[in-house]
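The same chain A turns up in both complexes below, where it pairs with chain B and then with chain C.
Then we have the complex of A and B:
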């Protein structure tokens, strides 16, 4: 196990506490940079989605994880970013301009959502953000002169500085990766400066934050705006990746997927957003695989245990019918969330830290290390 | 003119007069204790000063400035810091970042500068860190710098709350029952720190306290409250012998 001896205040500020981090993140970045040369085009496309989901995950972490303001409206922010890009593209606005415009507009709308949210906490805020998402969805479907209504909008191929960047090209992947890395670095910078600490202070005790001189209302709005703006940027990339957008892509289910990203990844660290994004992007093909192969497998197992061909056939068709039930995916997502909240509240990144600690302390690891401790009574009066 | 002044301060919840026309003044550099039985309105006065509650009537002056209408976050900016009776720390953050939040009123950097972590932000951060380290040294918190609050014992949390208030370099500090839940030894430490705050850091202290031995040891003046009204004001010995105070504590 490595012991860090801090000799300078710089040591508390550094992004990488020691050289080991630099090496491992360097290797990770190198692998990500050469990925297009050895991964199949299908996996590359999944990797692009991981980047986009992780960017939204980081945005949601700023708002929910660090400022403590729950949001089920991030699909709407993503939609606003995507539609802004698609709309401005019609007027031949160059990519850098509409990219920034989409982020800016989404940020402003995020701040506008933040204002009414100032008076709401917990479950009421969740309901408010859900209604915001539903309103946006409805506007997208009805405002046909701009959004083309339910017919959706076609998004032209991205052209950056006169070079066309197809959505399957390595360049597009590098662009998404760059946006993700810049988002993460910017967020880390924010978290180690006064604004980030004010966010965390608001999350843990608004009363104390206020009495330490934090303008709670201002910082909540800032948090909403930053989170929305990042989601808007991701929305532009999302639109280009799909090359076609319509209102039914930005439903409540997408917002829930974003919540899953941070819940499963872990809400206390930016690693969680990336791990959660990998999980959510990879679970989809996995579920499709199960849906296609489960009926056959179960019928095969039944046959080996002595079921006749007729019985096996009926089992197969029953399982297939069950697997293609409508809304099964949502149910599975729901079960996953419940299981994680119950058994792994720190998420995948928390699990990774536990595994790491186990090996660092081997053979002295204590099972009770991560037991939730008794929390002292906090004053509820001043809320 | 006094350094800090409350004039006819009242806080009514419907018919209940939690604080009823209380007037008092704090001189610069003194330690003033507020005592009184439970429910006398001591903490309510603190919550009025830090603007968690809005006074029903009355005015509050600090350095000859009327602060009755200031928003709560500006109270800290003016140099009034406070601690809470039931610790209000940022549970899921490290001790260091808790203390750095105390520096919030001194932060001057803009959001965009922080996103890029420009050299100005970096040098500011180092300055904050240095100031925080001075407080850590003052209160002997060295062993806990990188610990999460949620894993620390009650006594240490109490000290960290004091440290967080000190990090804002206040001119006036409001201590809400600094010794509640502390053992004898920790209370002794606390009394030394309160006196050092006055003599070394030049901070004016307004404190609510039940532990009379601590009150006797540190305070210059004492105010006794009951049912939201001032019963007596004066030196610790005078107030304790005042017939109204004896009646309030022991019954007439």
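Then we have the complex of A and C:
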């Protein structure tokens, strides 16, 4: 096990605490860069969605994970980014301009949402963000001169500096990857700056932060604006990837999905956003795969344990019927959320840290290291 | 003028529906400070249970109703035991997520068992309307209004006048202190979930003639009932009903007087405005914390 001796603050806030980080992240980046050459086009397309979801996840982590302000309205920010891009594109605005404009506009709207949210905490904030998202959804459906209403808008192929970039080309993937990497690096830098420290202070105790001289209102609005702006950038990519957007894509369901991304990944580290995005995007193909292959597999297992061909056949058809039931996906979704909340509240990244620590400390690992403290004295009404 | 009164009355009827569901939210919140996002889905499940008893097994309406309420009370305890109890005392965010997960699960399971068609229960209130002058009010809506008023009064009395109700309020204020005072906190929480599931079932069965029963009814109505609970101040039982009625009236007025599209957003705009001016809702009480 490696011990890091830190002698001053600069050591403590290094992006890469030791050379191992540089090597492992370098290898990861290299693998991602050559991915288009050996992955199938379907997996590439899923990888693009992973990048987009992870970008939104990072945005949500800034707000929920690090500033402690829950939001169930991020689908609305994504929608604003996507529609801004689609609208400006109609007037032949070049990509860099509308990309920045979408992020800027979403950031401004995010700040405007942040102002009313200043006085709200907990459940009231959740319902305020839900209300905001529902209002945006309705506006998108009704403001037909701009958004084309429920018929939706077609998004033209991305054209970057005169070169067309189709939505399933490797270049588009590189663009999404670049946005994700820039977002992550930018966020890491933000979090080790005074602004990021203020965010974390607000999360841990608003009163304590205020008494330390943190301008709580200003930093909350900043957090909302930054989070919304990043989501707006992701929205532009989302619109290009789907090439068609309509209001019913940006529902509460999508907001919940984003929350699930950070919940499953882990809300205390940026790794969580990426791991959660991989999980959420890959669960669909995985379930489809199970649906197609599980019946045969289970019948095969039954046959090896001595079931006759007739019994194996009936098992196979029963399992197939079960797997193709409507709504099985929703049930599995629900079970996964509940299981994660109950058994792995630190998320996938927390699990990874635990496994890592287990091997580092090998015979001396204690489960209590990661035990959560229960706080029963907690009436929010008296806060 | 007649239009206005008619809209007002139907708004109140609609609002009582929201209020009835909101009561369940408030109950769980009041006793445990847990926000149960699966409340609407408990209501949906209650409706399906009643459909099974009345529509499929052919029981008498009232027996089926009582059976569904009892079954759902047990189910509420089960859900509390499995999903909520292990994470009591952890941050609210995890509990919200757990109940959202529970909601997903219940919706899909109900869709698998009972199918995706709209189901209907024959009730004694399904037919007929009450006429007062030129006002028209259907019996099924009247039954909802009456049930909301009765349940609201009963629950208010329960919380403020009985020992168990006081124990619930105590454990919501400070779980650990309540435990030291000899209150069986776990059992109290479990009873609260049973009661709120039972209230949700009442809502589900009474709504059956109006909204029909399908697996998404809980999500749709829950999203309207939730602002109602917030508008009234989350911890207040009369507040839930008042909030529900307000939301209902606003919705029906906006549907009648404003252009198309306002009907669905107007309640949320009002909600945001109220939260902006009074962040703790209309009836919530705000206590400042000493540092």
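Everything that follows uses one rule, which is that the second predicted complex is superposed on the first by the 325 of 383 C-alpha atoms of A that agree within 3 Å, B and C clash if a C-alpha of one lies under 4 Å from a C-alpha of the other, contacts with A are read in each partner's own complex, and residues count from 1 in each chain.
Throughout what follows, contacts are C-beta pairs under 8 Å (C-beta built on N, C-alpha and C of every residue); 3 or more make two chains touch, one makes a residue touch a chain.
Just so it is clear, the model here is predicted, and its values are computed rather than measured.
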Chain C versus chain B, contacts on chain A by residue: C
Contacts of A:119 with chain B and chain C, given as first, second, both or neither: second
Which of chain B and chain C A:207 touches, first, second, both or neither: both
Partner chain(s) touched by A:135 [first = chain B, second = chain C, both, neither]: second
First (chain B), second (chain C), both or neither touched by A:222: first
Footprint overlap on chain A, comparing chain B with chain C: 207, 211, 375-379, 382
For the chain C and chain A complex, residues of the former touching the latter: 29, 33, 35, 83, 86-90, 92-98, 100-109, 111-112, 116, 172-177, 179, 215, 223, 226-227, 230, 234-235, 261, 264-265, 268-269, 271-272, 275-276, 279-281, 284-285, 287, 289, 291
Chain C-facing residues of chain A, complex: 64, 70, 116, 119-120, 122-124, 126-128, 130-132, 134-135, 138-139, 141-142, 207, 211, 252, 256, 259-260, 263, 325-331, 333-338, 341-342, 345, 372, 374-383
Chain A to chain B touching residues, read off their complex: 9-10, 12-13, 186, 189-190, 192-198, 200-201, 203-205, 207-216, 222, 226, 268, 373, 375-379, 382
Residues of chain B defined as touching chain A within the complex: 47, 50, 52, 71-77, 81-82, 84-93, 96-97, 100-105, 107, 109, 111, 114-117, 121-122, 125-126, 129-130, 133, 150-151, 154, 157, 164, 168
